[in-house]
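These notes open a run of structures that come right after.
Next, two complexes with chain A in common: one pairs it with chain B, the other with chain C.
Then we have the complex of A and B:
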């Protein structure tokens, strides 16, 4: 009787042990999957924020219409797929192109006239805020308030012994990495990149060496807008397309830019991945409603303890 | 070659230059002397287009510099080493020099002009991959001169190249300025160190509170009683 009971007891303990192990395994898998999701989202935050930081770095202004250029990118993708039924690649290309041209137009018509006038520290904020409101309402009027859905570019999930990730998310990571590395190399190596960095660091010195800073500003705006639109098209299948989709993303991009240091390209990338990871960990350990709280707690702590961010410039 | 004709220059509403005229002949070294705030740097900034004169004209070999965009001035063979060097601090020495070669023609000939600069300033060759912001004052000044020279200018404007440098380094820099001049480059030199400037210059102008008050051959200015008292501390 006695040994038998002992055996039974041992059995329960073992089962308990096994159950705990399985639970830990499950949890680890969940955390790993969430971390990867965080990186995927973070890569897009990085892309949007790098456009913001690029404009700050060269023109010393904040673009509050950045989120709406992102939104326009989403709509262009949606309507090219809907109207022409072509492969999403063409929609992405068109979205990037449209955003680039819109960026050029915005710079020439709205910002260029304000440049070098007194009040440059405030006037672009007001002006771009106006553009942002206009574009939101334009989208509402033209395309309606219904949320729009874009299918995944690639269906299916990669399954690595129980560890699952959708191909769409892998695609996002790959595109983000390729664009960021490509852009970084371009800025470091090309003649245009040299001129861009020179203008950002000392505009007068760049001017007397033959660099047309107005042209640099124009192209900076175009490139920045194109990056935002690219992020929107990549995220479109995960989120819904609507006139207000740019608002939360712009807020996130501002957090990223503060974490990384205003004007720092590397900082925007690091900050993007950091924010994505923080949000996904908050989802695992708290709940999804708490992810923004976690993000803003980190933002506020940075503002208190390290206001210049990771790579903040001394000018800050 | 370079002619500044009766210019008035303002910062906002504050007038900084009154009726300033000066001329620099080909292959000359001309120095612009004067105390702090006399308007020397303002004159150079007006010549290189960073400030637009409200009155008067500036021309270089027949081209009206005050009529063209500031970034086009270097294309006409005028290069400016600004006050305080104004290097791009987060770029390497090599990148700074490459920006100097940004103008299309200079970009094509950059390999030979960069090599030439490395010969004139061997220290820059050693420091080529170092960030410009981490150089010593003397090295920064050499880098700034080299950056202005890679565009192969006909006229070089130098604003206080001796500022904050040890006497040995200043001597070295002034030797280089003379060497550049002997290669056929016309030089307009702004200096606080009047003694040194008048030693290498052919002619000089003296500015006070936004006006040109005196001009003449360097040797004559060196002997002038007023100059001796006011600028040479004799």
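Then we have the complex of A and C:
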């Protein structure tokens, strides 16, 4: 941009016109690159948020510890690659597994006893908030406060006639797409998916038809935690790993689920991409410090004018 | 006319004892460390009582109370620093600013009924407030911290006798927060015993029924928002002139909200004295746990989980079981 401005100063009017066109081209390229970045991040927001929305859809609760399951996923990846020096694939697999088991434990020990008791609208928020503080400070104590770095899984960048994108980011998009399609098919086609949708629609009716809703809740929690951990491992090379990494992601996931409509899987995906785009546009037109404000303003506008989001049901 | 439950003799004796102990306490103990803990307990009690009004009595689960505390703190500090406003008036200005913002935040919450949606809305607002405070470096100095906040001016009494707020003695601050504490409890108590409190509880228990009985739910919900945020703002501006340094993280953090929730819940959500009991027991406990250093907040988190699982009504209902 700088040499362009220098030339413009001594250029003729015609030349200046040409340069303006060039600048617009540069800006468009910048916007396009930012948008692509937004989509990459958005795909991961969608993964984190879909776990949140899945739990809301079946259990009608908000999981404030979701961000910490994400955080633990990041740490598991970091330590498996550090300690065993194996391919990141195994780290990712282990992280997903650990988060899945933690999710099961969390549901069984803490949320299961609260179920069907008065105050279900607030009690899980408070309980998971407690878990979240516990896990954050556990991570701080166990793994320290130094920010940890994970190398890219694949080095190098793809260059499409001046339009550059790192392979890592392409990998993120591919993984996100694969997981989303796979999960969507699983929910639509499998017996478990059928039971899950039945429980989400009407728990009592599902129970009468022989569906063990407690088992559905348990598995939902496990899957949701696994999705969060998967997103954490994919984003680990882009963001740094630290005990507080889950907090901004949880806030973003909240925005995503409201935009898409709480309880809707498709909504979470659309909302994720939308939030990614909003953030990248805010970076281009405002600055990176104000991008979160832009996202929150969009969130509040939705809550004022369309609380059900894109695909949500009337539950607010 | 009184709508509140009548006081049992055991309870009124306990309250009388508490008031007397609080009034004469500085005569016996002047240790600044203990004084600081008691001042912070009272501050947290005000904050928790104000949140209890909106969450415990009106049934609106807000998750952005830290914003009002922070707005009160920053508004009062900035007015006194940039415009030379007396910190005494700052208490009021900070409270009013927080109350106005509270009304603004209350508006989008009017339509929402489910706790998670309200929690997300209020959390979003408080995050916006935090980021704005962090980014307006020219005004608030951002994360570097706003310092140079004036202390409360001395109050001349008689001749050379003054109530002094400078120096190491915190007794004067203690009485200021004690007055704020009693005034807040008085205001909340008066509200709860009047028709307003009845309307609040009706909204909490069954909004549609309240509406059908002719309760203007919009008006009362906004009133709950304004009162609750006003009190939090007053607490915040006291904090500004007491601590004398503010950072966005110290007054706008979600951690502060978590502490308010913990204090209220441990004490007893929707009980009048619950937040007070919670504030004192938790602040003292946290000081005691300081020896455990980093384990402090782990215990805190575990306690929050344990409370909601095993004692959802808090300590207060165990101490003073209400008659059926």
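Definition applied: the second predicted complex is superposed on the first by the 303 of 316 C-alpha atoms of A that agree within 3 Å, B and C clash if a C-alpha of one lies under 4 Å from a C-alpha of the other, contacts with A are read in each partner's own complex, and residues count from 1 in each chain.
Following the convention adopted for this analysis, contacts are C-beta pairs under 8 Å (C-beta built on N, C-alpha and C of every residue); 3 or more make two chains touch, one makes a residue touch a chain.
Just so it is clear, the structure is predicted and the values come from calculations on it, not from any experiment.
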Fit or clash between chain C and chain B when superposed on chain A: fit
First, second, both or neither for A:213, with chain B first and chain C second: first
Partner chain(s) touched by A:126 [first = chain B, second = chain C, both, neither]: second
First, second, both or neither for A:191, with chain B first and chain C second: first
In the superposition, chain B vs chain C on chain A residues touched: C
Partner chain in contact with A:204 - chain B first, chain C second, else both or neither: first
Which superposed partner A:52 touches (first chain B, second chain C, both, neither): neither
Touching partner for A:290 - first (chain B), second (chain C), both, neither: second
CA minimum distance (chain B, chain C), superposed complexes, angstrom: 14
Overlap of chain C and chain B interfaces on chain A (superposed complexes): none
Chain C-touching residues of chain A, taken from the complex the two chains share: 56, 61-62, 110, 113-114, 117, 119, 121-123, 125-127, 129-138, 140-141, 247, 251, 254-255, 258, 262, 289-290, 292-293, 296-297, 299-300, 303-304, 307, 315-316
In the complex, chain B residues that touch chain A: 48-50, 69-75, 79-80, 82, 86-91, 95, 98-100, 102-103, 106-107, 147-148, 151
Chain C residues within the chain A interface of the complex: 61, 63, 107-108, 111-117, 119-121, 123-125, 127-128, 131-132, 134-135, 254, 258, 261-262, 265, 294-298, 300-305, 307-309, 312
Residue ranges of chain A touching chain B (in the complex, touch as defined): 191, 194-195, 197-198, 201-202, 204-213
